[in-house]
Structure formats: C-alpha cells, structure tokens
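Just dropping this structure here.
Chain naming follows the written order as A, B and C, and within any one chain the residues start at number 1.
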Amino acid sequence: MKVLAHSYVCPKGVKLNGEPVFDTQAEENPLKSAYQQLGVEYPKFYKMDVLSKMAFIGTELLLPFFPAGTDLENDLSLIFANTSSSQHTDNLFVDSYEKLNNPSPSLFVYTLPNIVTGELCIRHKWYGENCFFIEEQFNPKNYAAWAQSGFSKGNALCLCGWVEAKTNGEQECFLFLLSPSDKTEHTIEIELSTLIKQYRNE
Amino acid sequence: MRIYVTGYGVISSIGENVEETLISLRSEKTGIRQGQKTYTERFKVGEIRWSNDELVERFSLTQHASRTALLGMIAAKEAFKGHELLADVKTGLISGTSVGGMDVSEIAYKDFLNGETDDLNVYRNHPSGTTSEQIAKELGIDGYVNTISTACSSAANSMMLGARMLLNGQLDRAVVGGTDGLSQFTISGFRSLMIFDDEWCRPFDETRKGLNLGEGAGFLVLETEETIQKTGKKPLAVLSGWSNASDAYHQTASSPEGLGATLSMKGALSIAGLKPEDIDYINAHGTATPNNDLSESHGIKNVFGNTVPPFSSTKAYTGHTLAASGGIEAVFGILALNNGSLLPNLNFSQAIEETGLTPVKNYSEGNDVKHILSNSFGFGGNNSTIILSKV
Amino acid sequence: MSDLKENLKAQIIEQLNLEDLTPADIQDDAPLFGDQGLGLDSIDALEFIVLLDSNYGIKITDPSQGKEIFQSVNTLADFISKNQ
C-alpha cells in the first residue's frame, strides 16, 4: 500500500502534497473563496454543508493523481471518518424546527455524515463501495486495515478522508489516496500520522 | 472460509426478543400504531412502548444511556447470550447508528433554550461513537469497537465489515448490527422531506404514499470456522455474501433505474458464489416511499429478470428503523431460513403499475429456503446487500 | 406584483443557497427546475414549501402540487397573490 497524494483543507488555507495552493486566511468565507479559485463550475457546491464543501475542494485537487487506466467507476472505494458526525448541521437543523418552527429539508439532508461520500460519488460518477466511520480521533491504523480489505477484494484505489467540523468552529479535511503496493500497513500508518501532524502544525 | 452466525438478538415494536418477534411475524401482527409521545402522537410509528428508565429496569441493564444505546444493548445482549469472553478469541463490536444519543440531547437542549438547565453533562451520551462504546461495555467487550454511520445501510455495512475483518484475521469473532431510537430530530427530518404516510405504510403497493418510522436494534454474532472450534457454538446460519455500492444519483433520492441497488445485489451474489436463481426469498428495503420502492423494483428486475423469487418488505411490521433496519431484518432472514418461512408484505393490495411485481402476501412455513438476500439502502446513495444461507 | 416577484427572487437565492446568482439572473418566466432552468431538484421543491409557509403563511400539504406552482417566478407569484 502506498500514499499517492494528499490534500488538506482548513479555514486557513488549502494544501496539496504539503504545498500551499490557496491562502484563504484573510477571507471572510474561506471555503467559498477556495472553490472560486479552483475554477470549477459546480453550483451545487453552494448548497453543500461544510463537510461536503471541504471534501469537494480536497478531492478536486487530488484528481490529477488518480492513476490513468483505473476503472474509477467501479474499482475506487471511499473510506471516510470523523468524530463529530454531522453535528455542525444537526445543530442548524434543530434550530430550524425549534426556533423557526419549520424543519428545513435542505439542512436535514446533510444531517448524515455519509452524504459527504454520496456527494463525491454524484459529482464524479463513482459507483464503488463507500463507508463512513465515527472515531474518537484520526486513526491511521483503521484506514490501512479497511483499505487493505478492499484491495484484497479487488479494489484498485482507495480515497480516504478525515473530515471534521466541530461545534467549537475547528474544521479540517485531510484526504489521501491509497493504492496497493508492497509497503506494509505499518509504514503507511506512520506516514499518515506524520502527514496530518505536519498539516495541523503549519 | 465461511462466516457463521452464532447468535442473534432483536428488539422492535413487534417484539422484545427473537421469540416474540417470530410470534408476531407468524400472526401477521404489525407493531405500528399511533405514536404515544408528544413528538410522535401525530404519526403512525413502530414505537417500543417502554420509556428509557423502564428499559433499563426491564432488561437489567447496568448503564443509563440514550435510547439508541439502550436498544442496542438489549439486542446485542440477546445475541451474545451464552457466549463467553475468551482470551484467545479476539472479539470486536461494530455498530451502526444514525442518530446516536439524540433523544436525550434534544431534551437537554430544549431545557437549555428555556433556561431551565445549563448542565451540559448529558451531552456525553450524544456522540454516535459513545453509543457503541456503551453497548460494548454492557457485553464486556473491550477490544476493537467501531461505529458506522451510513444512514439506513449502517447495520448491513457493519455486518460486511465484520465479515471482512474475520476473513483477514483482524478479529476472531464480531458482534455486528445497528440501533436507532426515535427522536424529535428524526421525526422533524422526515416531516421536512414530506415522505410520511399518515396511514399504515404500504410497501410495493401502487397506492403507497410514504413510510412510517420505527425504532429498534438487531445484532448478530459472527464467527469463523476456527473460532467455532474454540467456542463450541452451534451456527444458526452462514453469512455468505455482502456488498456495498454507490448509487451516485442524489443525496436522498434513489436513481429511477435502481443502479446502486442492482450493483449491490450483484456484488453480494458474486461474493457468495451464487446465481440469482439460487435465492429463495428477498427481504427488500421497501420503505414504502414512492421513490424507493419503484427504484428497488427496477433493481430487482435488473438482477432477477422475469423470475423474481418471493420477496417482501417487512417495514409494514416494524416501520423503518433506519440504521437498525439491516440488523433487524437479518434476524428476520435467519428466522426465515430456519423455519422455511416466507414473510408477508403487510397492507399490500395492488402491484406497482410500472413494474408489476407482487410481493409475498401471507406468512407461510415449511418452504425450501436455503438462501435469502436482504437489502438495506441509505441516504447518500449508500446501497448494501447481504446474503444469509442455511448452515 | 413586480415587487412580489423581485422579493421572491431574492428569497429564492437566499433560501436555496444559490450564491452564484443575483436576482437579475432569474427571468420571470424561465423554468426553475430541470436542466433548462436553474437546475433545482426535489429538495429545493421542499424548500419552496417551507418558504411559502414561513414568508407568506401559505401551507402546501401535498408536495406533488408543487410541480405546477413552482414552474417559474411568474407561476409562483400568481399562486401567492391568489392564496394569500
């Protein structure tokens, strides 16, 4: 297993393979600014929740690193996880019926974390398997294990994501692309732990 | 290598354990009725009659927790009954949930808004992950514990992950399933999508209008052949196939042609090494929304052609129990295998015009049921299928 | 009536998060749904129902009614002025 590429999206800015791509620190709406700088035409972006928006941007940046010749439609699997599930949107949705007395359908849609992977599949027409886990913290061991079990089933590529929006305002989305190789799971785990630490500290 | 099911447990509005559930299935008795809580009273729901405190007492639980966690503990405890924790049997728990501790958090939040309390301690029950930790604790499992949140396919996905972890040697035994308690949050959400039926839901019927919600939990214990030699457990069934596919169509709606459904059913057949004609009964997802049932009917026809095996949705018994549905329906599937039952699709009268499929209308036993296929489709286009086979 | 239409356009943009549009981009008679129009979908239709209730006090209980009412800003304004 090896890491082909990785991206990191947070309010401060967007990075690809460790290098800054967009600086959004001074922006009032960092994600909107990053989307506009991407230069992609996908108006549905504006309707997404914060988790889907971050994952959308991070994924667009990784696309050039998807190996040519992979049957992305069928052989790509998506493994995403976070701690707070869809808590950020859950709160907004509760307010829509508790305070405004009119539950909002477009908020309710995003009160499930796996809508993130659903959005990516819709955008890119990916029909492979996808799963969303709830974990106490970023856990490289599990990604490596899940990706491995997918590879042994015949998946060629695995897009992994840690996408988190806490109620205290902290937000981050760390995406990485895994493909089978002779590197051990343990090596990958160490590499992933190092990468996310670097991104968080920068 | 085969994956055996060596334990099962269930709670829903049609029964508090496997035995009661079978009695209700046999007598074609629905658990859906007018809601009894302030937020359910306007709806027909598959509600479990006991309050959270009553559940703790009635089932001798050791922890006070959210409804989702309590229901999960009850079903998982039944599944794990008679199983022992052994030093050389690596045991894990994988649980699916969509709302976690919502039912207790929302009461606390309301009190907070009204200025009645500022005690935020109750929110420690809120995270979906906590729900699984609490269930594991109730069983004494302290190894691998994980939570899947893929909406209504969560339980099916936890079975798939459990099976794979056993095959890869990451676990020797896995308690897998799903749980969801009803909450104001869920009711408000489905109300906003306008997909409730005010009457009893009618899956696969031309006149279907929408779903009734329900609550509950369903869990299985999975073991490998090697583990069974250590535990000496008698297998109830074989988990022979599983698959997950993306529908890649819409956040909540299923594709008109049932593409994701088709892919997940085909994938599970392929893992099981079975042909469509080997399937003796399909427990459909069948939520009774106009969209799901039409899409799933197309999916079933895509896979089975003109020889669709007996099929039904049991959602008219239990209501749609969301993340728990795949677990509850897996228990129904094992009951069907071991009693040769075909389970009825209650409230059906008229086939969907476009697809013309007629589900099983009455309960029967003594049929030759060797392999059953069970569908669970979640929002986000997350479609899963499992196949259970006779030992 | 034209005030109502202008208000509606602003409300649609706000409620449906159409951040890349301004009221001037929405023609009175242009289809709102489908690929020809603004590309709105079934969830947006449900959001319209919420909008009518919260902003105009009009309740729609059967979502299939929406199909005709939500065709364009014109049909929407018509419906509101008749039912308010």
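To be clear about the criterion, a residue touches a chain if its C-beta (ideal position, glycine included) is under 8 Å from a C-beta of that chain, and two chains touch if they have at least 3 such contacts.
Bear in mind that the values here come from a model prediction, so they are computed numbers and not experimental data.
Across the assembly, the chain pair joined by the most C-beta contact pairs is A-B. Using the mean of the Cα atoms as each chain's centre, the chain most removed from chain B is C.
Spacing of chain A relative to chain B, judged by their CA centroids, is 27 angstrom. Once the centre of each chain is set as its mean CA position, chain A and chain C turn out to be 32 Å apart.
Computed from the mean C-alpha positions, the centre of chain B lies at a distance of 38 Å from the centre of chain C. Counting partners per residue, chain A has 103-105, 109 as the residues that reach two or more other chains.
Among the residues of chain B, those touching two or more other chains are numbered 192-194, 250-252.
Multi-chain contact residues of chain C (touching two or more other chains) are listed as 43, 46, 50. Residue ranges of chain B in contact with chain C, taken from their complex: 192-194, 250-253. Residues of chain B that touch chain A in their complex: 98, 100, 102, 106, 109-110, 113, 127-129, 132, 146-151, 157, 161, 164-165, 167-168, 170, 184-185, 188-189, 191-194, 243-252, 259-260, 263, 378-382. By the touch rule above, chain A contacts chain C in their complex via residues 32, 43, 46-47, 100, 102-106, 109.
Those residues of chain C whose C-beta lies close enough to touch chain A in the complex are 16-20, 39, 43-44, 46-47, 50, 53-54. Within the complex, the chain C residues that touch chain B are 41-43, 46, 49-50, 63.
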